[in-house]
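Look for chain A in each of the two complexes below; its partner is chain B in the first and chain C in the second.
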Partner chain A sequence: MTPRAEIVHWLFASGFLLLGMLLLAEAIVGYDVWRKRRWRTYLWPSLAFGIGVFLWPVSVFFTNSTLHMVAHASWAETAMIAGAAQLALARGKLHSRWWTLAVSVSMAVSGLAFLIHEQNPWFFSRAAFLHHALGWTVLVAAIFPIGQTLRPRAFGWNVGFAMTWVTVAVLLFADRDLAPIFGHLSPLAGAPR
Partner chain B sequence: MDTELVGTLEERTARRTPRAVAIEAIGPITMLGGVIWAIAQPYRLAILHPHGKGFYDWVGQAPLLVILVGVFFAGAMAPGIVEDLRGER
Partner chain C sequence: MRRPAVLGAAALIAVALPGTAFGHATLRHAIPAFQSRESVAPREVLLRFDQTVGLIPHAIEVFARDGRRVSGTPTFGADHRLVRAPVSGLVRGGYTVRWRVLSSDGHVGAGVFTFGYRIAAPPPTQAYGASGPTWADDFARWGLFVSLALLLGSLGIRLFVLREPIPDRLSKRLYLFAGLGAFATIDVGIAAFILRAEDALQLPFVDLMYGDLSPFATKTRFGVAFVAMTLGFALVAALVVLSWLLDAPKLLRPAFLVALGFASGLSLSGHSAVEPNSTWFSQLADFLHLSAASLWAGGLVTLAFAVWPLAPELRRGAFLGFSRLATVLVGLLVLAGTYLTILRLPAVHDLWSASYGRVLLVKLAIVSLALAWGAAHHFLVRPRLERGDAPRGLRRSLLGEMSVAMAVLLVAAVLVNSAPPPRPVAGSTQATPAAR
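What follows is the complex of A and B.
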C-alpha cells in the first residue's frame, strides 16, 4: 500500500510549485503590497515548514536505505529550519535580516545532501540525473537568499529565489521510478518501468 | 457618456498594469502547462486510463496536480493581490 517514489515526488513537486509561484508573486508586486494582507506574509514560510513536516513520514516510511533516510531527514530538518526562521521574521519574533541567511544555509545543506547521497553518475538513470541536477540547482541557488539579505528589495534576487523552487518542482515532476535520461540507462539500473 | 461605464473602464485600465497582468498570468500559464502535459502523456491520468490503477495513482495524477496548483493560485491568490495592487495606486 505504499505509494511509488515518483508519486511522492510529484506530490512534493506540487508544494514546491506553489511555493515558487507565491514567491514569484511577492517578487512581482513587492514587499509592501504583499504585506497588505497579514496572512500572506506567513504563507510561504508556513508552506516551507509544512513541506519539512511532511518530509518526516517520507523519511521514516518511504525510504529504502539508511543513506536515503538520512538525506530525506536532512531535507526535512532544513526545510523546517528555513521556514521557522522566516515565520519568526514575519511575526516579528526575530528582527535581524541576517536570519534570512538561515535559508541560504538550509539550501546549501540540502544541495550537498542531494549530491553526497547520489552514488551513481549523471547518466546512470533518470533518478540519478535528477539528484545531481537538483543538488547543483539548490546549492548554486543558495546565493539568492544571501543577495536577499544584502538587498532585500532587489527584484533579481527575489525572482531568482522564486524560480529556484519552480525549477525544483519541474525536476521533481520529471522523476520516474526507473527511466532513461536522454536515451541513457545503465543496465545495472534494471528494466524501465 | 454613462459615468458608470467610464468608471468601470477606468477601474479595468487601472487593474491592467504590467504587474497585475503578470500576477493574473501566473495561474493560467501553470494550468496551461498541466494541460499540455496531460495531452502529451494522457496515460499519466488515471481518469483517462483507469484500468489497473491503485489509490495512489488516483491521488498523484501529476498533470492534474499542476492544473490544481494553477487553479488555486488563480482563484484564491491572484484576485486579492491584484486588488491590493489597485489599492496602492
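What follows is the complex of A and C.
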C-alpha cells in the first residue's frame, strides 16, 4: 500500500520549502553573519542530502513505469551528491569553490530532464503544467550556483538560489494527481478528483 | 543489438533523468489480479487505468503456457479507462496477460502479469514469451558483483587489515572506493532489474520506458530483493559519506555490516533460493560464497590501487594482514563452493554434459589459477616480507591476481544466471524443471 503521489509530492514540498527558507535567511543576513555560527553552514546541505536519501523509497515503491523509477533514483542520487559536496565544502573536506558547480550541474540536468520527459502541452493537466514549470524553473536557476561560485557574497545570486527552492516548493504543493490548471483539463486526462 | 542498447540507455538515463513521470496511463486495477490463483475460470480480463486510453492492436492478449491465445477482441468498458477482453477455453495452468494501450500523452503504456487457474501463478519472469537471461543480464550481474566487491573490499581492508590512523590521502581514496562501490551497486542493480523485467515485458526500448514494473517489484523474489537492496545500499552510501564528512571511521562498521547483510539479497533471489532442494543452509552457503569472493576480489583492488600507490610505508603490513584474511576467505569460498556444486549437480557427468556444468568447469579452472596465484603470494612472498625483504614487482603480481579474480566474478555472473540441470525425481524417470 503506497500513498497517493500528490501526498508524497507535498511531503517533499515541505522539505524544499524549508531548504528555501534557510537559504533565504542566509541571503538576508549575509554570508559572513550566517557563518558566525558554524552549525548554520551545515543546515541546507544536510537538508539537501537528507532529501536525496528519502527519495530512494519513492524510487523503489512507485514502479508503475520504468521512467518513473529511474527518474526518482537519479534525482535521489544527484541530491545526495550535491548535498555531500556542499557539506564537504562547509566542513573543509573539499577546498575548491568550483565544487559548488556540482549543484549547478545537478539542477541543469534535472531541469532538462523535466522538459525532455513531459510530452503533454502546458495546459493538458495540472501535472503537465507543473512539469513544464518545474523544468524551466530549475533549468534557468542553475545559473545561480554558477554566480555563487564566482561571487559567494553577492546578494542577488543568493536570493535567486533561495527563491528557486521556494518556487519549487510552491509548485509541488500545487500538485494534484488529476486536476485542471487555470480551468483547463484535457478530456483525455480523465475526470478530475 | 536491442539488449546492449537497453543496457546503455538505462545506465545513461539513470544518470541523466531526475524527473517525475505521471503523464501517462497507469494500470490501477486488474481482474484477475497480478499472480492470483483463480479457482473459477475467468470469462474476461478487465483492466482499469487511471486515465482515458486508446485501443491499439494487441491491447490485451492472454496466453496459455503453451503459447495458445485464449483471449478475444478487446473493447472498452463503461468508459475509456476500462478495457476488457473475453477469454475462453481455459484449462488448469498458468496464464500470461500482456497489455498495451495508447496513453493520452501519446505514449504506449505496456505491462505483463500472470495468473493461475487452479494452480499457483507462475512469476512474471516466467511469462509466456520470456526467453530468460542473456549475456546483457550476465554483464549487469558482473557489474553488480564488481561494485559490491569494491564496496566490501575497501571497507574490509580499512576495518580488518589497516590500523587507524591511516594517512589522509589513503583514507580519501578508501572513502572514494567505498562511495563509488555503494552508488554503483545501486545503479547497476537498477539496470539489472530493468533488464530482467525487459525480458518478460518484451518491449522495444521507448515502450519499455513506460512499461509497468510493479508486478516485478512486488511479486518476484528478485524484485523484492531489488527493493530491499536499493534501500539498504542507499543507507550504506549515506553512512560512508557521513563517515568521511564527520571524520568518524566508526560509522564504517555499521556500513560494512549493512552492506554485508543486504548482499544476501543476491543469494535470496538467485537460483540458490528457488531450486527444489533449496534450504536455509544452501542459501547461507551461497551468501558466504558470494561475500568471501567479494571481500577477496575487492581487497585485491584496494591493495593494488589504494595502499600500494598512496602508502608505501603500509604496504608490508597491509599485505601480511590481507594474506591472513584471504586465507580465511579462500577457505570459506572453497568449502561453500564445493557444497553448492554437490547440491546443484546431481551427477558427475553433468559437469561436461550440462551447460551449467561446463560453465562451472570454466569457473573452476579460473578459480584454480587464482588460488595458485594466492598460494604463491602466501607461501613465497609472505615469508620474504616477514623477514623484511621488499620483493620487486609485487604490485604487478597483485594486479594479475586481481584480474583473475575479476574473471572469476564474470564467470560466476554467467553461472548465477544459468539454470542448474534438472534433478531426477525419486521413483520416476521424469525430472523436475529447474527454476531460475
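In the analysis below, the second predicted complex is superposed on the first by the 192 of 193 C-alpha atoms of A that agree within 3 Å, B and C clash if a C-alpha of one lies under 4 Å from a C-alpha of the other, contacts with A are read in each partner's own complex, and residues count from 1 in each chain.
The working rule: a contact is a pair of C-beta atoms (placed from the backbone, for glycine too) under 8 Å apart; a residue touches a chain by one contact, two chains touch by 3 or more.
Worth saying up front: this structure is predicted, and the values here are computed from it rather than measured.
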item	value
Chain B versus chain C as contact partner of A:Pro3, first or second or both or neither	first
First (chain B), second (chain C), both or neither touched by A:Val33	first
Comparing the two partners chain B and chain C, which touches a greater set of residues in chain A	C
Chain B versus chain C as contact partner of A:Ala76, first or second or both or neither	second
Partner chain(s) touched by A:Arg153 [first = chain B, second = chain C, both, neither]	neither
Touching both chain B and chain C, residues of chain A	none
Chain C-touching residues of chain A, taken from the complex the two chains share	5, 9, 49, 53, 56-57, 59-61, 63-78, 80, 84, 87-88, 91, 93, 106, 109-110, 112-114, 116-120, 124-125, 127-128, 131, 135, 177-178, 186-190
Footprint of chain A on chain C - complex, ascending	10, 13-24, 26-27, 50-52, 81, 104-107, 109, 183, 186-187, 190, 194, 197, 208-214, 216-218, 226-227, 230-231, 234-235, 237-238, 241, 244-246
Partner chain A, residues of chain B touching it in the complex	19, 22-23, 26-27, 30, 55-57, 59-60, 62, 65-66, 68-69, 72-73, 77-78, 80-81, 84-85, 87-88
Residue ranges of chain A in contact with chain B within the complex	1, 3-4, 6-8, 10-11, 13-14, 17-18, 21-22, 24-25, 28-29, 32-34, 36-37, 40, 173
